[in-house]
Each structure stands twice: as C-alpha cells, then as structure tokens.
C-alpha cells in the first residue's frame, strides 16, 4: 500500500517524527490559511512530479491558490491530480537522506543514510552511502546510531536529533508493517531542528488485515485493476493486446516472456493463483474480458488448481458475457482431459507454452 | 530484589493484574477503613508466616486492629514484623497456581501452572503441572494460552481471564527484569472474576540500575549484610565462627567446603570478587571484622586480583581497627611473594587451601 | 541421499482439518510421506485420512516423535503456528501459507534458526525428495527419482520445468520450492549449498525470477561448486514492479532485472534457458 | 587441535581502553593471542599496547578481518556491544562482563545463535587453548599445553584446579570458563560436547557449583562419551541460596544441590574430587 505524501506525513506525526506544517486542498478555495510561504505540491503516487510542474511556490494566499489552480486537474504520469498539499517552506541548512527498507538477502531491515540528500541521492557514490542492518528481534541498539552519526559527520546536537528520528522511523517501520520508510530530504534547518522534508511510505499489502484503517486509501491502480483488487484477484494491465491468464506468478511471467519471444505482446498479467473455485475463475475471466483483449492465452499447470475447475469458470464467463474472442488454452496437470472436454468448441487447445504462444500470435493475425 | 507482598501487589496493579484491595499498616491505629472482612497479614520476606501465626482474619475494624496488634512485633524466622497488610477476603471457588521464572537449561522463561494451587502446590504430582517455555525474542504467542487453558480445564470465560493475566504477568516479568513472578493462589472467584490471591515477585539484582525506584526497598539482609551491600561487597553471615574471605564465589564456596571437611565452620561468606583496589579490600575486611570471627581464613588466588593489593588492604584494616585475630593467609598467583612480605608478622602463611583450613581450625582451638 | 527430507521424516500437518490441509495430506500420503500427525487447535482426537489430529504441536510430537511440520494455516495465524512448531522441537518446517506479512517472517526466521529448525518458505510449494517423500503441494505424478536437484522461487512454473525434466528422461533428487516472499527461511544460495553437498544430486536447476538479488548471489556461489548448474529466469518482459523509492534503486544497484540475473549465471558458467522447457534440452545436451 | 580458539583466531577487544581492557590485552598478547583490534566508541585512531583502536566492531572487522571478540564493557552497555559484534560477523564472542541483567542475555544468546556466533559467558573468565591463545582473564602462567579439557562455571576456583593439574605434570587442551549466570551462551553440556569431539582432549575436568541443573545434565551426557570425566562440585556447605518461591522447588525437583550433582557424576562413571586439588590426584591415578 502506497500513501499520498500528506497521508504519510500524518502517520509520521503519529510516531513523533517532525514534519513541516501543511494543509490539503481539493480546490483552490479550500486553501484558507496555508502556512506561508509554502510549496504547493500535487498529491500523486508517482515520482517525478517536480519535473512535471506539480510543485509550485507561493508567498501569499493568492499565489497559493493560483498554484493550486494550475496544478489541480493536471496529468502526471497516468494520473490526474485531484488534491494538492500546501506545505510550509523550510529554511534548510543541509539535506540528508534516510530510509529503512528490507534487505531480502540478510532477512533484516536495512537503514540507508547519506550526508547528501535531496534530488541528487541516486547519483551519490556508493562509498558515501551508509548502510547498516537493524537487527530484527533484538531491536535498535545504540551502536547503529553511533555509526550513523559518525558517518553523517553531524555535530552532537544534530546527531541526537537524527538518532531520535531514526528510532521513531524504525518504530513506524515495525508498527505499521512498512516495506519502505523514506525521508528525502531529511532536512537540517538553519535553526538546528531536523525535519522529514518529504516522506515516502509503503506498507506491506499482506499486512492489510492488521491495518484496516488503510484499506480504503486510493492506490495507483487503473479502474479495472482496482476492481480486480477488490475481488482479491492479482491483475495488472499491460501495453499489449493479448490477454494472458495463468496460475502462479512465475508461470504467468514465463507465459508473457514466451509470448514475447514468439512476437506477441501481453495486455494483461492475470494470475489465478491457487484457486479452484469456479466462481472465482469466472470473476477473473470477466475482469480479463473487460480489458478487451484481441486473443486470450490461457496457461494452466494444475497442481492445487484443478484444470477442469478452471475450464468450467472460463466457459461460464464466455457464455454469460457473450464475448467471442479466440481462446488459446494450454492446460496441463490434474484433470486436464476433462478440462479439454469442457472447453471443446470454445478454446483452441495447445500442448506446450510455446505452441500456445504461437497460436495466440497467429490467432491475432487472423488465424489460426 | 525481593518484595513485600503489598509492594508486589502494587506492581501487579500497575500491569493491570487484578489483586485484592488492601491497606498497609505499621500500627493498629493505621487501620482506619480496611476492606472487611479481611485477612491481616504480616509483611515479611520469608515464607511460612501462616504457620507462624502471621495471618489472622477479621470481620470488624476492631478485630482487624486486634489482629494487627497481635502480629506487629512478632518474630518470624529472623525478622520482626514491622508492617501488616489488611487484605480483602476473597470468595474463592477454585485455587490455581501460576508462575513465570527462568529455565537456565532452556535459556528461556518458563511458565508453570496447575489446576490445584494454594498451600498444596508443592505436593501436586509432576504430571498435574503444566510447564511451557515462553519463547524469548518473539514474545508470547497464542498457542501458549491455548495449551494452558486446555491443561487447566477452564471454561471459555475463565480461560480468557487467565490468559489475560498470563499476558500481563509476562509483560511484568519482562518489563521489571523479574526472576520470579508467582501467583499462588490464582483465585477464581465465585462471581467468575480471576485474581492474584497472593503475589510473589523477585527482581534480578543485576538490573537494579534500570529500576532505581526499587533501590531502597528493604531486603532480607542482616544489618551487616546491608552495610556490605551498600558498599557493593558480596557478604553473607553464616552460623560458624571462622571468618572466611576469598576471591570469586566458586573459590569462596570451595574454601568453606574444605574448612568444613577439616572440622571448622565458616562464619562468613565474603567474596572479594575481582577487585584490586586496596581501599575496597580494606572495606571488605572491616565488614569481616565486625562479624567478630575467632579466626580469619584468607584464601586468594590472584588472577585479576593482585595478591599484594589484597594483602595491603588486609594489613591496613587490621592495624586501623586494632583487632588481633589470627589470620591464616593462603595467597597464590600474581605478586604472591610481595603479598607474603606485606603480611609478615600478621598472618600465618599457608601453601594450600587444605593446609590453610587445618591451620584455621587449629588456631581457633588455641594453636597453631 | 537427497536433502532435508526423506522416507524416514515424520511429518506433522498444521491446519490438517482445513480444505488444503486435508487435500494435500491425502496427496502426501499417496506419495509415501510419513504423515504421522495433524494439528488443529480444538480438533484433537479427530482424524484426517487416518492421521490422528492433535490440539497442539507439543501433543503431536509427544505422541508421534514427529521431526518435521508442514504449515497450511491462514496467514494471520501462521506466526503462532510456526513458533509453536519450532518450540515443539521440529527440525524442518515447511511453510506453504501465502500472504504472511513479512514482518512476521523477520521474527520467525532468526528464531527458528536459533533453535536449530530449518524453515522452507513461506509462500512456496514445499519440498519433495523424489521417490521418497513430499512435504508440499506439488503434483506427485510429474516427479521421478533421479539426480537433478531443483531450486525454485515459484510454484507452477517449477512444475512446468520439473515435468519437462522428467519427460526428457531425467529425474529429481530433491526439489526445493524456497518461496517468493521478501523474507524466507532458506535462501536460494543456501539451497544451492545444500544440494551441492548431496551425493545423489549430480546437476542443479535453478528457477529464478526478477526482483531481489538472490539469483545473482546464487550465481556467484555456483561458480565455486563442481556440479553443472542450469538456470531459467522468469520476468524478462514483466512490467516494472512496484518501485521502492530511491532505496530500491540504491539497494539493487542495477541488480534484480532478468538481464542482470541471466548475465550473472552465464558469467558463473551456468547454462541459461530462454524458455522454461529448454532446461530439459540443456540437460540433455550436457 | 583444541576447541573454539587457536593461534589463528583474530581477536577484537571491546572496551580495550578501559582499565581491565588494557590490562588483559597486554596479558593476552603476552600469551601469544592475535589481538588484532580494540573497540571503544569515540576512541578510534588510538592504540593500546600497539593494538589499533576502532570506533566500532564493523570498522575493526573491515580493517583486520577479526573473527572473534572479547567483551569488557560495563554491564549496561554489554547488550549493545554484544549485538554489534554479532552483526559485525564475529564467530566467537567471549563475554567477561559480570552483572549483566539476565533479561538482556535472553535476547543476546538466541540472536547470536541465529547469526552463527558462539558466545561464551557472560560473567566468566573466558577461554584459553593452552599454548595457543587466550581470550580471557586467567593467569597465563598456570597453563601448560596438554590433553586435559576443562569446563568451569567459576573463575578463581578454576585457576586453583588448573594450577593443580599443571603442578601434577598434566596440561590443558582448552579451558572453557562458561560463566555462572542464569543465562549463558554455551552451556556446560554443550562445552562437554565440544571437548568430547576434540582430538587433542583425552580427558575432561568439570568444575561445577550448586544451583541449576547443568551439572546433572552434563553428567547424563558424560555417560555417553568415551573420554574419562572428572568433576569437582563447590558448595557442599554453602548457605541455602535465594529460594525462588514454589517455582524454584518445582523446577529443580530435588536437583541443584551438591549431593545431587555429585551423585549424578558418580552415576555416570565420572570420578568426583572432594577437594579442588584432588582433581590432580584423580588424574594421576587414572
């Protein structure tokens, strides 16, 4: 789960991490008493909004409203800006970088910090980055903070303020089931205070059940992806036109790869997962059909998923939605014979992934 | 650190564990509005107060004061009762037993519970006791509580109340650096409530620095032991008359053992530890002399402790306190030759522990 | 020999009375696995496919001497069940359950390790020592005993490849589905290490995916082992995944892509398949 | 061979600039130990006895390739220092510090184990492989290389016994001071296991004390090993210790006394000395 900047700031505040004052606005008129001077920032879930003109500065209320007027309704990446966040301008002396994320290899949270933050962070040379694991189970120990202070070269008071923020950021990371807590810049102000200039927060989707308060937050999904998500279906819309549906993320990816090698382009990534509920399969297929593919490439390797159950769902969805798209079906595994029978007259059977991909490309071209 | 019952109850309350209402009194007149009917209980740090007459029951204020009058000033074990605790009588349906302590072998906290608590707990047969480790680091998991509820054979509501108490008792165990949290009886009342009928709490002495609020609590020490404790000296008074001082707990114990085998009886257990500060040695020796031993048996194996430093402290203490007790000194290790020189004319040197013990026994008998 | 699991392993099924638990208990029994006990709190005394059900792992271990467990319990209860199994003393814990918050796994994995328990998964198809025993959910019929060790992050894609290996006339020693989650019990390099020391295993197939750097680390280790290694990497054309802020870029340092992984294996002297079933072709030409 | 520590071990001294740290660094260097680095936060760049001091264990390991550490830092900072050493990757951590709250050790020990780090102590005299290296505070001159493995819960009492062993013409392989605290890194039975597998060690001396049940467990294991075991138990006449409520009685079930421990060793066929130095006599008569 991703969070709009203003929402991330709200959660940072809850953990006692200093953030700039700010107000959210959906119309220019919502801005009544913004902190001045301020930066008016588009609230979108993609990066690069600065370059896209989604951040403007204002010294007066009028200027702030003017900026909001310019930004609201703007398109950034695939999104239309619906809200702006007018945020107090900071008197920054130094921009640091700080993040906590997960290091899969070490099976531990990883703290990354740099004495040079802000826009340039990705070009900071490797040796200027400070990386240290935050040991799970035993909690944050003082040695981490000592090493950090040394690496950032901060004076004593600054070091103690940054340490305090690290402690709180780690508490947030653990308490909110976060995948990423990123503060860039971590701003050292001219008056000595240290503040989270911008906050990025991603929370583990699998932990949604522990954080029902986040369930309804808007995410960066297309309407169809949103519909699929609500039904618990793993579905991503892609650029191509061949509707790919398979079971298991690895197999779905591999199917897209093989299709690509055969000259086709996938329009969907639809992972049926391990379901063997025909109703669920039907729902998934309905989503797929709404993406209006020119051909459907179905690739099932039955293990938990029984092939006939999938076939039944496919048949029902096609019949009920009266869609007449060629379906190339490659079905292996448990009950594959019954599955072929069920799809008789609807799908074009294939023996292998390669053959199925070839047939799909040919069907699109008018074949098979 | 041990806690008087009333103090343990106070800490239990802090963690939300239900305990009976009660008031503390140092004089009968301190009892103004005790919960009635009540049990008036001597506050001492040893067990067996019930058998010693240290618990009496009262239905009226007058009876309660009467009971307090009888108990205050009473001697239980080595202690004079200075305070009583008048505690609400509970309407008990069932007495359970519950404790959390440390299992050295498993390096983990151990929960022990029994469906039969109260006075009989030590005679409960092994197989009626429920033992389960509370895994460190990962915290109390629900399986522990399920297993406990099953073993205690509690109905659903009772199980949930006991579970809640276990969770809180474990929080107390961890939060207060406890060595022992014991609730006996864990009382299931006729109205269904569950309460810590009696609470025993011991906190790790080594964690005193994290709990300065407990530093001044009275402990079960003799005045001389208290004086030693305040000076950071490990000292225990024993029944015998030979003052034993050595360095290291193991060596001190072994010295007492050897003395015993030779027919002597140690009057003190004084472990110098690893100190090599002559001032500290002198302080320790002063404590030893205050215990009025008839002979002193000094056994030092110098490693960290330098033998000459110890000898210097011994000499100074003896000279300043003008005490003329035979000192049998067995000194090995770092700087042992210089140590022997320093003690020339004061101590009787010995080559081995065995010889030293023999000399001590003989010196006491009028020799050597 | 095979690794981790064999015909002597005594397995508990945690969550045995659930839909998946029942189904896969049957399949594991069919495969010859010694499923000695099931655990579902509150259902002690029942039985599933003739396997006695206990209220807790402790009861199950006491009664049956079980030394391994496979976990089908739903994600919110998985941590509880995993720690219970570890405390009850199993030496192998296979976590099939998917969608477990990875913060739970940050606790489970080091704790299990401290107690000497090897974890496979979560979010994995489990483990099979072909012809001996299965602690997993893979379809039985695609496996045949042999000398190919298989390590994989995914489920069905593995079946696809295992099936191709078997069709090509080879067989498998142990197939380890390590799982695709951020925090797993046995990493890909660790699985490689295990198989590299197994006498039955003569060659090793690694089925990887985009994301993370496990394949790159595995490739580096593959360089040091004597057995031939074959790899397939899924996701060459996958949409770019969720971007983990700047941190993601900083951590991965250009690793994590299919290209990076393929190059790493090639640099280690491993053969890399373009299609899943090409693994079989490469094995045959070896 | 010896166990855990030898002339190749590269040792860090944590708390090297303190009084004890300095003193024992000198003694360990004299003994021939490869003390490659010291750590004291804020004192990086200094040196003690020619040993470079670093601000952190990470810096020390990076610069010197150290693989072990000995810890002299005061109790309130010991957990921090121990976890730092473990995270920096040392494989052996000797904790000399006494009076560490055991709740800290409940965290340290399993975490170290999960990361593959062996801990000795705390509250112990450390470890010495006679004639090779010392990571501890024992007096150097009482040791002589030989075939007697020594395991002990106490400090000076061990010196007493080691001295007697040496005087009697024997020598030591490795002497492990496991420490006397409730929660220690390497238990007495584990130390026995280590020494029983060591080729240099031909006989094993166990120095125990009243309290706990480690001696009884060790005796049970001693029954299963082929090397002769000798034991001395201190505390036959010690005052009864702090009574841990009913729980204490329930846990120990009559174990924990000197008698129980002596009987356990005798039942295991071990020779038990009545006086500390009698250990030497028993060795001689063996």
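Lettered A, B, C and D in written order, each chain numbered from 1.
Heads up, the rule we're going with is that a residue touches a chain if its C-beta (ideal position, glycine included) is under 8 Å from a C-beta of that chain, and two chains touch if they have at least 3 such contacts.
Note that the structure is a prediction, hence the values are computed from the model and not measured.
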Selected interface, B-C versus B-D, where C-beta contact pairs are more numerous: B-D
Chain B and chain D: spacing of chain centres that average the CA atoms, whole Å: 27
Between chain D and chain A, distance of the C-alpha-averaged centres to the nearest whole Å: 51
Geometric centre distance via CA averages, chain B-chain A, whole Å: 57
Shared interface positions of chain A, touching two or more other chains: 137-138
Where chain D touches two or more other chains, by residue: 107, 110-111, 114
Pairwise touch network: line, ring, star, complete, or other: complete
Chain D residues within the chain C interface of the complex: 110-111, 113-115
For the chain A and chain C complex, residues of the former touching the latter: 2, 47, 97, 99, 101-105, 107-110, 112, 121-122, 126, 129, 136-137, 174, 177, 179-180, 182, 184, 200, 202, 204, 206-207, 209-210, 236, 238, 246-251, 253-254, 256-261, 266, 269, 273-274, 301-305, 332-334, 352-354
Residue ranges of chain C touching chain B (in the complex, touch as defined): 41, 55-58, 77, 79-81, 83-84, 86-87, 107-108, 110-111, 114
Complex interface listing, chain D residues touching chain B: 20, 23, 75-76, 98-103, 105-107, 109-111, 125, 137-139, 152-160, 163, 180, 182-184, 187, 207, 209-210, 212-214, 217, 232, 234-239, 242-251, 253, 274-277
Parts of chain A lying in touch with chain D, wherever the complex brings them together: 132-133, 135, 137-138, 141-143, 146-147, 150
